[in-house]
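Structure first, commentary second.
Just so it is clear, A, B, C and D label the chains in written order, and each chain counts residues from 1 on its own.
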Amino acid sequence: MVEGLRRELCELHAELPRNGLVAWTSGNVSARVPGDDERMVIKPSGVAYDDLTAASMVICDFDGEPVQDSLAPSSDAATHGYIYRRMPDVGGIVHTHSPCATAWAVRGEPIPCVMTAMADEFGGEIPVGPFALIGDDAIGRGVVDTLAAHRSCAVLMRAHGVFALGDGPRAAVKAAVMCEDAARVVLAARSLGPLVPLDPQSVDALYHRYQNVYGQH
Amino acid sequence: MVEGLRRELCELHAELPRNGLVAWTSGNVSARVPGDDERMVIKPSGVAYDDLTAASMVICDFDGEPVQDSLAPSSDAATHGYIYRRMPDVGGIVHTHSPCATAWAVRGEPIPCVMTAMADEFGGEIPVGPFALIGDDAIGRGVVDTLAAHRSCAVLMRAHGVFALGDGPRAAVKAAVMCEDAARVVLAARSLGPLVPLDPQSVDALYHRYQNVYGQH
Amino acid sequence: MVEGLRRELCELHAELPRNGLVAWTSGNVSARVPGDDERMVIKPSGVAYDDLTAASMVICDFDGEPVQDSLAPSSDAATHGYIYRRMPDVGGIVHTHSPCATAWAVRGEPIPCVMTAMADEFGGEIPVGPFALIGDDAIGRGVVDTLAAHRSCAVLMRAHGVFALGDGPRAAVKAAVMCEDAARVVLAARSLGPLVPLDPQSVDALYHRYQNVYGQH
Amino acid sequence: MVEGLRRELCELHAELPRNGLVAWTSGNVSARVPGDDERMVIKPSGVAYDDLTAASMVICDFDGEPVQDSLAPSSDAATHGYIYRRMPDVGGIVHTHSPCATAWAVRGEPIPCVMTAMADEFGGEIPVGPFALIGDDAIGRGVVDTLAAHRSCAVLMRAHGVFALGDGPRAAVKAAVMCEDAARVVLAARSLGPLVPLDPQSVDALYHRYQNVYGQH
């Protein structure tokens, strides 16, 4: 099972450069090992996207420590683990510095919910969490605390980048792609003039339909 | 004949990501079944562009109901059907949230006709239709009513995205591509300063020449 | 000889979509038949870039009339011919609506010479020619008259797009690529604040060095 | 050994167009010949990226003179040599006119350190050096003097472009990619409103961690 997860994670990493979310080796995807409350699979640190293989994916505990001989995991591994511990429904996490979303993060502004695609996917604005340094629980805590007050599956960490979550790693990659798309469109829209958020009733109607009707069931 | 249409539609869907019009699984193309006032072919809902095949394309009636065992159609199918019913010359429809055009839609501003390529293709501005929720006839009605007052083959739906129409699906895809191109150029031009629309006589001359002389006949 | 020119022209057309200069079938490249004061080779009208072949390239006279059985030439053919007649050193012409350059053309502003790459390639600003309708000599005359007062190998035609010239078709494609690159960079720079043109002595020094020293000789 | 370096340099040049850093033939990468205080390998002048081969790479002395029969080297070769002479820890240099970074260079503004990825990679702002003409030591001196006062591995040369440095050519290419990424994000962020630089203590903490912990060791 973990082998299949390594392969899936390797393939999903290819979506990051393909969708313009990452530069050089930045960014990472992880997956919770299903049925396991202690382990995840994550990108190795500082490896080029072209050089990633299923075998190079790192199995870690939720403190970010590899559980077997492997490459060094992403330096964000402990942050991913913190989120998996506090959010049991989360099965996949993506972290990027995708350019348009990070522009909003640098400004410390949430992306306002001004279009139907954002209501569909995020159920409202994409919020901004606090500025936090890497190295302890601060980033993970910022992600978890900020998302506790929103329906959004993505959060902008101030002056840093994006964390996007899903019930599995593919859903998390989708959330990261749609977050960057929303960031790009709303950035361009605001360059044209002031923006008006959608009314909350419309946002609710769109969110519930999209979460329940869209796609194959 | 329907088999050929499925193949054509599958190939045309590849133009959407290739031209930067869609993110993840969003967007769709449909084609009226020629000589048939009740049926169309459309993208299945929530399927990745790389996974689309001719066989996965869905044949629906104009209420958006599949007419045979198939995947679930795009959740926009009933909107496409509404347009086919009211606009008998339309043989193909594209719906996208393409980024620059959607920026204008978020602002609720038409794209002014400030360059020859817009006069050629759209015969004037690209108009904005009303904000409308998915689920009943509101979006389709907004598209049809807005285009009744314009020569444009594309319309921006407020806070939503683009519907582009053609006599067949390839012409509709062209309209969607040219709409995004116009949206990008005019967005950049307006960042440089105020814009002046072309005079109506020039727009008429350009539109008539392009519709009648351009291309192979 | 004309066969080799058709092949070269077909390959050069692939540089237009590759460098982001064109949408759908817009844009075209032509080449003067060397040693011939009456004929050129040019793109057929309205054909997709993927479908172009050497055999599909059209041989025309300078009025834009095909000289043998062929596809219909680009509707810009007579404009290319006008330029070849008046500018005997020009051996290749590219016409595009490339997005950033066309944004400047829509505003009717020349691209100011604010960086060394523009001094190198264009020897000063990229000027703007008049608004002119297609169908008679007006566009060609606007190109020729505007460039008579500048060293630039590219001109923005107001509310329309770009004409780029070279001693052969490859040099013209280079000029079109560098024009769009300059348009993109200077557009972004101006969004940061007011710009100061380079002093004329520096522009002269850069232009003369680049035209004489750069590349393989 | 020099043969391996030619191959590596040829492969690294492919990263420049792939990462959107160059237009047509502009831009170049060089590598100091390891253990040699007099020689480097560099791109030939004016050759298309698709046509580069390991054999076409030029071995020069630090005055930019080829040391064997070869193509003419990049016209920036003497500038690279100046930097290698004065900065003995530098083993690779990249020069580009990458579009967003050059926009900042045209404005003559440093890119402020407003996000963690810039603190990680550059340890502060990306500074701007003086305007200098090609042809003598002025550009090289501007690069060396400007970087003497900063931790940054990249510098914007006013109204010109970027020089990015590393202990080898791969590190220099990474610096050039991350410089353009930072330039793009901060340009977009500033279009949203005024920006606040990170506090120096956070910048120091991020820089030291990234330089010492990130990646495989």
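The criterion applied here is as follows: a contact is a pair of C-beta atoms (placed from the backbone, for glycine too) under 8 Å apart; a residue touches a chain by one contact, two chains touch by 3 or more.
For clarity, every value in this text was computed on a predicted model and none was experimentally measured.
Q: Going by the touch criterion stated earlier, list every chain that contacts subunit A and also contacts subunit B.
A: Common neighbours, subunit A/subunit B: none found.
Q: Look at both sides of the subunit A and subunit D contact and report whether the same residue positions are involved, with over half shared, or different ones.
A: On the two sides of the subunit D and subunit A interface, the residue numbers are mostly different, under half being shared.
Q: Centre to centre, using CA atoms, which chain is the farthest one from subunit C?
A: If we average the C-alpha coordinates per chain, A ends up farthest from subunit C.
Q: Can you compute the centre-to-centre distance for subunit B and subunit D, using the mean CA position of each chain? Integer Å is fine.
A: 44
Q: Cα centroid separation between subunit B and subunit C, in whole Å?
A: 31
Q: Could you list which residues of subunit B touch at least two other chains?
A: Residues 191 of subunit B touch two or more partner chains.
Q: Please list, in label order, each pair of chains that touches.
A: A-B, A-D, B-C, C-D
Q: Across the complex, what residues on subunit B touch subunit A?
A: Answer in residue numbers: 23-26, 44-47, 71-72, 75, 97, 99-100, 102-107, 109, 131, 133-135, 159-161, 187, 190-191.
Q: In the complex of these two chains, what residues of subunit A are touching subunit B?
A: Residue positions touching the partner: 19, 114-117, 174, 177-178, 180-181, 184-186, 188-189, 191-193, 195, 198, 202, 205-206, 209, 213-217.
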